[in-house]
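One chain, chain A, links the two complexes that follow: it is found with chain B in the first and with chain C in the second.
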Partner chain A sequence: MSSYEEQLDTAEGVDYDAIADLLGDRVVRRETHLNAEGFVVRPDQVAESLTLLREEAGFDHLSMVTAQDYEDRYETIYHLTKYADRTHEVSVVVPTDPENPVSESAASVYKTANWHEREAYDLVGVEYDGHPDLRRILLPETWQGHPLSSDYDQDKPQIVQFDEHKNPLEDDHRGADSDTMFLNIGPHHPATHGVLHLKTVLDGEQVADVDPDIGYLHRCEEQMCQQGTYRHQIMPYPDRWDYASAGLLNEWAYARVAEDLNDIEVPEYAQIIRTMSAEFCRIAAHLLAVGTFALDIYGDFTAIFMYAMRDREKVQNILEDLTGQRMMFNYFRLGGVVWDLPEPREEWFENIRDFLDDLPGTLEEYHDLITTNEIFQTRVIGTGVLDPEDAKQFGTTGPVARASGIDYDIRRDDPYGYYDELDWNVVTEEGGDNYARFLVRMQEVEESAKIISQCVDLLEDWPEDERNIQSNVPRTLKPDPDTEVYRAVEGAKGELGIYIRSDGTDKPGRFKIRSPCFCNLSALNAMSKGEYVPDLVATLGSLDVILGEVDR
Partner chain B sequence: MSNEPRDVIRGSTDAQTKTQEARMEGVDNRFNSKLREAFGSSPFILTKFDKFMNWVRGSSMFMLQFGIACCSIEMMHTYAVKHDLDRFGSGVPRASPRQADVMIVPGTIVTKFAPRMKRVYDQMPEPKFVVNMGSCAISGGPFQEGYNVIKGAEEVIPVDIHVPGCPPRPEALIYGVVKMQERIANGESSPVTVKPYELEQFSDLKQDELVDKLASQIDEDDLVMRYNWADSP
Partner chain C sequence: MFAPLQSDPVLLPETIARLLFGSEIAIWQEAVAGFLAAFLIANIMLANAGVAGPWAKRKITAAFTDRIAVNRIGPAGLLIIPAAAVQLMAKELIIPDGVDRPAYDLAPILLALSALLGFAVIPMGSIFGINLQMADPETGLAFVFAVASIATLALTMGGYASNNKYSLMGGLRAIAQNIAYEIPLIVTAASVVIFTGTLQTSEIVAQQSEPLVTIAGLTIPSWFAFVNPFAFVLFMVANLAEVGRNPFDIPEAPTEIVAGYMTEYSSIYFVLFYMGEFIHIFLGGAIVATVFLGGPAGPVLPGFIWFIIKIWAVFLFTQWARSAVPRVRIDQLIEIGWKGMLVLSFANLVLTAVIVGVML
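Now for the complex of A and B:
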């Protein structure tokens, strides 16, 4: 910790005046967002300001980049925070001229900015000066217009190219005996877990470069949320971001940010139900990750995949009893949850206890089949290594970051729900390889089970007349215009954040989703360079990306 | 963590004698199936070749392993234990379109993916069938109003069965697949009800403002798909 950093950290959090001093006359103006102070800087001093904040003030985590357009300007917001302390946040706001929206790129300071800025360019239309590779990321190259800018006309026809993914190396192919070749993996390929396209350059059997081409499932989640009203219409969409049954974790992301925005309290009883059900989702999501990872590594529909599916069925049954749906729960409401636990309660608790009692044995089985399996170990130990420095640079979070030894978990670092009242641990591993990521997920299942069992204890003894599942929330929510807030929760894959700017109506003016999978996937190139093709597939499997969340 | 196998998997190495015994007894009876009984003493049947082929076709379907969005998670559950689609003769998923005859479309189709899906469909050998899984594949579902979303798979490829739901339960998907097998056995198929988007050569497109604009970016003989949002249902 540098001396400056110490000076900036006060007991209550960040000393924003000290930051203003640090940035000096780069700051044009200050604004206040609900989660942090925003410092408005000139478009040509972005990299400088961010470097200062990272080097001197310890803001080593660029959580998200939001771009939006106002009537008189385009704006880019860099949401910064620290891996060491999630509650320390600061926003750097960069307004640009509407006629010529160009600002300096932050890609030289944070590697993760590369993809974020490409997305901002693609959807909103801000251009970044000095960006290494500014092209569209989600939409096809030939797309006309920027759909989230206000002058976009959705009814205009579009033409999408289907070239056969030409070999980009063709021109400089060095003679017939060169080993360099180009390989397209996906978008329809069993190893890519959905519709992901990897443009891979191989040197012999080794990966020289891999460029993930995403956007095959970009289904306009942000637009959908901007068209919905706060109270009811937005909640169903989060279920469909990370759809590996992690629905409730995603719903919580929206619930948290909207409750902060509208100042809504959640009754304690509802918080416990939320905590418990969300952890069930985490178990289901991690089991899917484990099952498909084993599928990637040793073949077709093997035992472990079937085992994982069997155990997911159990979780889904419990959640179905609670919410009425197997995957798209739509169970949370602003201010609580939609209904109380299913009757007869005892029977339902019994089901949960049965599941929890069986879980250690089941996990033992998994460990026997996979963890100690020699073939598995040869494939995953020491492959796909992500060192902690890179992990931070790429903004990775969740099990991926924790497997690289970064002790970062929003449930503990920026507590919400009932987590801070319960006894559980954040799992970290040091290896940073595929094996470590797998181990972290397996252990997190155990921790989730611990949390659930404590919640069940609490719920069982909860007095009957205090079972308050929802606080009073007005029928229409209209937060004050131009209130801005960014909040995150710990989703199944990592930090799942949402930024909302209200515009005085009952719908958000800007709704931006920070997807953990998006950031985790951006680290793939760094992780698999120099490795063999099968290791690339293993690395992709251990990153556990869900394309619905990558593309949104 | 040690590399020793744990106790759980030791000690379970008893020889499995039961099947053997079952097979040693009554060896002849095993071949006297119900079908054989039905035919009586002369094991011949007369039927139309087409009818027979349709029945065969419907009873042994190879699915394309094709995951798109959330619905594919429920599709995996349909293939896996508990629901086990294989019970109905709908095969195991094949990773290559060349080996598949049914394509389940489990998810939202967006502009970037539709040309690729069309190509995968084209690569499947005839006769081929399509089951639409979920509201997205039927109409765009919850994302119908999105700027990037195709309003249903039928805009791109012909579809035989629609299974509604978001996502449909595995039981519903099984019902859909079995229904389709039934139809195949009866020799029925569905017409295309909307005019589908086709892959065309860029030079074949009608000249307009957009085509002019892209002329510098796209080669004349490149394949493209043109979306006319105004005509979408």
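Now for the complex of A and C:
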């Protein structure tokens, strides 16, 4: 921490005036967003402003890049925060000319900006000067227009001649003169955990280069959310981002940001229910991650995968009793949850207690089968190493960052729900390798169980007349126009954030999702270069990406 | 005429020839009888593979992984076997563009063939007084290893001819793996040969029939698994690599290289590959049984039944490893093979030679 950085940190958080001094005359104007102040800088001074903020003020985490277009300008917002303190936030706003939307790229300052800016270019149409690789990322290369810009004609069919489509096999002979071999891993491959395409260059069996090609599962989630009303129509969508059991964690991301935007209080009782059910989702998601990771290491038929599915099933049953659904829960509402715990409550609590009592034994079995297995250890220790500096540069969060020794967990660092009232620990490991990521997930299951156990205690003793599951929320929510807010929660895979700009109607003007899987996946190249193909597969498995969330 | 008999029991082709043509046997009659005997043995093994592939493998894996597996068609799902046979043979045979035609077609045939050839010299015991051994040359054991290693050629051919990069990687891996593990496999088997002083399979089996030690009325036969357990363990490990099952299922490695050399094969070619693999596992089991487990020897039941039980026990072991043990990486596999298995197997060989030289 530099001395300047100490000066900028006050007890209440960030001293924005000091930041204004730091940036000096690069700041054109200051804006106030609900989560942080925004500093408007000129489009050709982005990199130096961000460098100053990163080097001098300690903003080492570029959480998200949002691009949007207004009537008179395009705008890029860099949402900065700190791994050391999540509550310290600042936004750097870069407006550009609508006729020629070019601004300077931040990819030289934060590596994670590379993918974020590609997405902004792809969907909104802002071009980034000095970007190393400004290609479309979600849509096909032949796509015409930028779907989230206002001059995009949605009714115009995207007719692309067949011969205009790039044949992925054409690149087959890339490097024909050299000793390397180009290999398409995916989009249909047993180990890509969905439809992911890895353009891999191999030197023998070693990975010389890998370029993840994503977007096969792009479902316009952001635009769909922009077309739904705040009150009810958006909540079902988050379930479909990280659909591998993390539904409630995603719903909380929307609930948190929308409640902040509309100033909605959530009753304590509902917060406890949210906390408990979200942790169940985390257990289910981590069990799936552990199971599929074992699948990548073991082969196609393995006991550990079925054991993990068996135990995940118990969690699914508990969640089904609570929400009526097994995956697409749609259980949270703005201001609380949709209904109270299932009756008879005692029986349901009993089920949870049974599960929690069995869990240590189950985890012990996992450790016997995998963690302590010497062959497993030779496979995963020291492979897929992500050093802490890279972890920060690529904006990784969640178990991936924590396995690289970065003590960062939004549940603790920027508390929401009932987490700060409960006794639990943030799990970190130092290795940064596949083994460390695996261990972090295993231990987080234990921590989640601890949280659930405390929540059950609280809920059991909750007075019957105070079981308030929802606060009063108006039928129609119309936040003030041009209110901007960015909020994140700790999803199963990491920091799941949402940026909303209101436009005075009952629907968001801009809805931007920060997907933890998207950022974690962008680190794959750095992690797997020089490794063997089996380790590339293992590394991908240990990143635990859900393509539904990567592509949105 | 037949080669002079080295051991008393009559070999299968001669039994058949006598049954069909009486005691005077012409050369063509000998050939017909030999063909019929080979047909019979091949079908026995194919039937075993047929039970193992679509049904037993699933049931065993399911038992290891807390599942039920096939149970809808027939008792305990057994009718899945004919159903799978019809289904697999009715599938379209897709030949990709640019495959190297004769090699592409030959590979699956060669794989199944090499595995079946090995059974020619395996003493499979007798049932109803008929000895089921096809041939009993003095070089029996060498012959088994020689034909079994033709499988590597088949895998490489298939991998190379498929015009697919995953197949190519699978084929290359198969070569690397088989070279690294066949040497320890054969050297370990050679340590048994030092004991027996012969490569003839029937003689190896015969030498294991002596009682080794009697503990509390229970006689333990002098199977080489008991005489030299270290060699037995080494052999089982090398055998896992030889048949390509976890932790050594590198040439296929579905989560890494899709299906390796098998990627581009469909329909009946796929069946041949698949069957060939299972027969290979059974051949591995047959070698283990012959060299280490006393061949078809066993109490009460006929020898042939014991033989089948033993090869299925080895099959079960491979399936167990498959469900419970992670796969090693290709470079680790080579390292274990050359730096570990090879050294240990030669140490075992030298030690055995010294012990046998001094004590016997």
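Quick note on the criterion: the second predicted complex is superposed on the first by the 532 of 552 C-alpha atoms of A that agree within 3 Å, B and C clash if a C-alpha of one lies under 4 Å from a C-alpha of the other, contacts with A are read in each partner's own complex, and residues count from 1 in each chain.
We take it that a contact is a pair of C-beta atoms (placed from the backbone, for glycine too) under 8 Å apart; a residue touches a chain by one contact, two chains touch by 3 or more.
Just so you know, these numbers come straight off a predicted model, no measurement behind them.
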| item | value |
| --- | --- |
| Partner chain in contact with A:F305 - chain B first, chain C second, else both or neither | both |
| First (chain B), second (chain C), both or neither touched by A:P190 | both |
| First (chain B), second (chain C), both or neither touched by A:E365 | first |
| First, second, both or neither for A:V533, with chain B first and chain C second | second |
| First, second, both or neither for A:T378, with chain B first and chain C second | second |
| Broader residue contact with chain A after superposition on the shared chain, chain B or chain C | B |
| Which superposed partner A:V28 touches (first chain B, second chain C, both, neither) | neither |
| Overlap of chain C and chain B interfaces on chain A (superposed complexes) | 189-190, 301, 305-306, 310 |
| Chain B to chain A touching residues, read off their complex | 1-6, 8-9, 65-70, 72-74, 76-77, 79-82, 92, 95, 97, 107-108, 110-117, 119-120, 136, 142-143, 145-149, 166-167, 169, 199, 202, 205, 210-211, 213-214, 217-219, 222-230 |
| Chain A - residues contacting chain C, complex | 181, 183, 189-191, 205, 294-303, 305-307, 310, 369-370, 373, 375-376, 378-379, 532-535, 537 |
| Touching residues on chain A, where the partner in the complex is chain B | 139-144, 147, 152, 154-163, 187-190, 193-195, 215-221, 223-224, 227, 236-237, 240, 243-245, 288, 301, 305-306, 309-310, 312-313, 326-328, 361, 364-365, 367-368, 371-372, 374, 547-548 |
| Residue numbers on chain C that touch chain A, as the complex places them | 61, 64-67, 165-166, 169, 246-247, 249, 253-258, 322-332 |
